[in-house]
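Next, two complexes with subunit A in common: one pairs it with subunit B, the other with subunit C.
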Partner chain A sequence: MRRIGILVFCVVVALLIVIPPMANGYYRSLFYITLLYVALAYGWNVISGYAGYFSFGQVTFFGLGAYVTAIVVTKTPLPWEIGALLGGVVSAAFAVPLGYLMLRLRGPFFALGMLGLARTLQVAANSMGITGGGQGLFLPPGSNALSVYYWTLAIAVLAFAGTWLIDHSAFGLRLQALREDEQVAATLGVHVTTQKVYAFIISAAIPGLLGGGYAWYLTYVNPVSVFSTSIDLQAVAMTILGGIGTVWGPLIGGVLISQISEALAAQYPQAFLMIFGGLVVALLVFLPRGIAPACAAALSRRRARAKPAEART
Partner chain B sequence: MKQTRRQMIGSTAVAGAALVVGSSFARARAAGRPIVIGGTISETGAYANSAKFQLRGYQYWVKQQNAKGGLLGRQLELKTYDDASDAANAVRLYQRLIDQDHVDLIVGPYSSEVTASVANVSQQHKMVMMGPGGSSPKIYSRGLTYIFQGIQQSPLYIKGPMEIAKEHGYKTIAVSGEDSLFPRSVVAGAAGYAKEMGMTIVFDQLYPHNASDYTSIAQKIKEANPDVVLSACYLPDSIGLLRALKQANFAPKILYEGVGPTEPNFGQQNGKDADGVMGTANWSAELKTAGNAEFVKGFTADFGTPPDYHAAAAFGGLEVLGAAITKVGSLDQDKLRDELSVMTMRTIMGTYKVDKNGSQVGYAAMVLQWKNGKQFVIYPKDEAQMTAMVPFPSWSTH
Partner chain C sequence: MSAPLLVVDNVTRTFGGVRALDGVSLEIREGEIVSIIGPNGAGKTTLFNIVSGVLRPTSGDVRFMDRSIVGWSPQRIAAAGIARTYQIARPFVRLSVLDNVAVGALTHERTLERARAAAREVLEMTGLAPYADRPASDLTITQRKRLEAARALALRPKLLLLDEVMAGLTPTEIDAMAVFIEQLRERGIAAIGGVEHVMRVVMKISHRIVVLDFGKTIADGTPAEIAADPRVGEAYFGTSLEEASAS
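Take a look at the complex of A and B:
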């Protein structure tokens, strides 16, 4: 069964590598945005799903990555990929002191603290000279978005594989232990602060790496667009619908939500929001743990043998 | 199990192949079918209010043109999507319009921010795009060759008040305004104009977005004692700054406050104090440009509300595009680009003309001035409704 899984995974990745250069610009963009949100959802899933620290501000690192890249591209002759890589490094480095500081807060206080942090960086970008202030930064128009697509595909694949590794590792178990009860985990010998900060660094590096591609794709960044709360909210909704704290959740939720939005949103802007809202409510009522755990449970019932690999909560 | 796997791989491959085949269909069209014009409009989100007028401007032109027989003997059809005021959505939807829906022409979205990102799509697909929603000149100065500005360039706004100042022999200027994309672009060229006209900038400081207190900036301007104050304001800060200057009892010879004074509210809020204040208007219903009166009348009858400048710019942009198509005699995008680069044409917005970047240099940024509770156009001279009231009256004589 596992070998089949790996084979399917490899085939899908191979198709995602081979198809886009032949597909038209629209499909390339659609694939890109889908992978972007899938990867963002995986990033959020580590700190909020596995460690249980609900964040509404991971977009802070996405914006940071976008600005680092925009500055690198406009002020130096280096290619955007270097900027994006640097954006990931800066985000991860920034997450270390920030993690020690912010992860003292719990529950709604952490969520609100992170929301405030994103606003703080937005204001900073609005008032500094190097970020162009409220005017933002204009990047040179790119010839095509294929490089951004591959960059994002690579990060999405790494984020998926990384999540699988976390899910099957002692580190993952420690995160889940502290999610369930931090004090008990500490008593059992889990160094909770260090584990949380590790998770936070991973959840910062992923959006940090993705922000640069977004800046290059849009050829323009400003404080409003790259620190937008709606980017966070979409990643959160995708993870929760797909299955929070699972390996498959962000992928299922991300692909499903972006495809539904794309099919309906552009043509029926008002009706779409109603349908979408109804769908979210229905899913949460009937599948409170998300799609992935529900599928896993159904599968294991069918096989009539307990193998709750993906359904662990 | 093996069977299922094979089926799964098979169907994925088929789906992939379908994508590839679908994308390689030629853009062949029969001559009798309508010409489809595509674009995105921010029907929801932050820009929804102004963008709605832009959409109506497009719709009204298409309706008018169809009544006249369309273009090249074909009827016209407008196809729009909602980009929800988001640049990433707009980029993808323009690609959808071009690659999937195979529209024949594209028109610009609303706002400088969204236009900046979509301009790259127009370039990649080599399709001309008239941008009535992008006033920031930075969009056009990046080596893009298929985008044309269908609205006044914001740095031209201050040219009028500076020319009036020059006529009166004023020498010193204070520059201020809100620190965000649009106001910054309005005052960006002040130093260049000042040098050209032999004036000196004695004060140059912006204030933050959503400022609530203007006393300190007014005091600093008073200390610099300039002849002319040029401040790029929206409505709230234009009122705040005016009151603070009055409180500081400082009356410059010319007081210009960006787009704030365009709004009727400016006069209602300030009463007699508004008299003498100058501002910029991109378009007005009273303007005696070609076809303007008919546009205002017809638009109002159709939509039950008078047009604003967003609607006028959208309509004017399509007037130009339509004329270019008629002149070229086809929808050949490269020929259209060449034509749009060199043509001049009288529209409801003024005379269309662009520079080598595609930035608008023809549409005049009109200067208006308040007098006895009303706005009058004072610049350019051929559109002027009265001569400029200079100097600005002292506060005791207001």
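Take a look at the complex of A and C:
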């Protein structure tokens, strides 16, 4: 079972490497946007899915990565990849003090705190000179979108593999334990604060690394576009629909939502949002824990039927 | 005589104007089983919360193996060898029974595989092995109580704080829990049990009994001494303790 999984994974990654250079611009950007959201969903899934701290402000780090990259390419001769990498490093570093501060808040207070943080950075970007104020920054045009695509593919693959590792590690179990009951986890020896901050750093580094690619792809950053709450909300919706706190959830939800919304937008440009919203509601009503857990449950039921039923004790 | 494992030294804890604990002192030695009895609100759970680091005492000191643990985080106290259960079982409902127990084992095992192997052993001991791969939400109340104990044991503690492990159990289950507690001594684990009722079992398995009332220790001695203590028998139970324990 696992061997088949690894094989499928390798084939899919190979196809994702080979196809886009041959595809036209429309499909290339569809591939890019899909992968971008899948990777963002994986980033959100660590702090919010595994550790249970719902964040509505991880876009803070996406915007930070985008601005760091824009500043690097406009003010220095360095390539955008260095800027994007630096964006990831800055985001991760920023997440350390921020994590210790913000993760004292729980539930809706943490979610709203993070939402507020994104707005704070948006306002800061709007009013500072180095960020170009409300006008934003223009990056050199005629950029190579394919390099952005590969950058994003690499991060998405790493985010997926990293999530698999977390799910199968002591770290992942500690995160899930503190998600279920923080006080009990602490009395069972879990260093709750440290584990939460680690999760927060991972969930900051991923959007931080992705932001730079987005800036290069758009050739333009401004406070509204890269700190937009709708970026966060899409990643959140994808993860919840696919299965929050699971390895496959962000991938399933991310691919499904971006493809369906794209197809609907092309077919029914007027009614698209209405149909799409209805679909999301229907899915959540029938599969409240998401698609991945529902599939896993169906699979284990089939396996249980295949085996002669063991005596239930 | 060996030095005490745990010393609670004149601990007071107030919540606003309420003195939940008022100058409580007690000692427990290695392998000893001490029961703290007292009615609801006597301060048992507050005492457990202070010893396990969930709360800090307003004044007084708590020493474990000759070191003051006041101000230590719960996880540090857990790793040092004090495990606790909760009065109302608080399983990680979305995790498997095995993983519930493996969390505690991670304090001494580095990898998840080894923690799970250690957890399996504890599940065997506590009779929960058949449920290892079920989500903890599937367990009954009795099984959840056992899971509380199993998780605590997975920490390999020197001292176990059992907050009302008998509450809500049937007489048969109480006997099974009593056997379990007596087995702790064979493993060299000391235990403090907080108990509201079930005097029959308390008299049988305890080395010592501490009686708490309104945050104060009103008696501390062997079961025989406590049973003979007129203050406990009459002022506290309203009847002699022999009668109470016979019921």
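What to note about this one:
Assume the second predicted complex is superposed on the first by the 298 of 313 C-alpha atoms of A that agree within 3 Å, B and C clash if a C-alpha of one lies under 4 Å from a C-alpha of the other, contacts with A are read in each partner's own complex, and residues count from 1 in each chain.
Note that in this section a contact is a pair of C-beta atoms (placed from the backbone, for glycine too) under 8 Å apart; a residue touches a chain by one contact, two chains touch by 3 or more.
Predicted model only: the values in this text are computed from it and were never measured.
Judged by the touch definition given at the top, the superposed model places A:Thr76 against neither subunit B nor subunit C.
Shared-chain residue A:Ser225: touches subunit B; no touch with subunit C. When the two complexes are overlaid on their common chain A, residue A:Gln259 makes contact with neither subunit B nor subunit C. Shared-chain residue A:Thr120: touches no atom of subunit B or subunit C. Of the two partner chains placed around the shared chain by superposition, subunit B is the only one that A:Ile33 touches, whereas subunit C remains out of contact. Considering which of subunit B and subunit C touches more of subunit A, the answer is B. The residues of subunit A shared by its contacts with subunit B and with subunit C come to none at all.
By the touch criterion stated above, subunit C contacts subunit A in their complex at residues 52-54, 73-75, 77-79, 83-84, 86, 90, 92-95, 99, 102-104, 106-107, 110-112, 115, 130-131, 151-152, 154-155. By the touch rule above, subunit A contacts subunit B in their complex via residues 4, 7-8, 11-12, 15, 18-19, 22-30, 33, 126-127, 133-136, 138, 140-144, 214, 217-220, 222, 224-225, 230, 265-267, 269-270.
In the complex of the two chains, the subunit B residues touching subunit A come out as 1, 5, 8-9, 12-13, 16, 19-20, 22-23, 43-44, 81-82, 84, 86-89, 91-93, 95-96, 98-100, 113, 116-117, 119-121, 123-125, 136, 138-139, 142-144, 179-181, 184-185, 208-209.
Contact residues on subunit A toward subunit C in their complex (touch as defined above): 168-170, 172-174, 176-177, 180-181, 183-192, 313.
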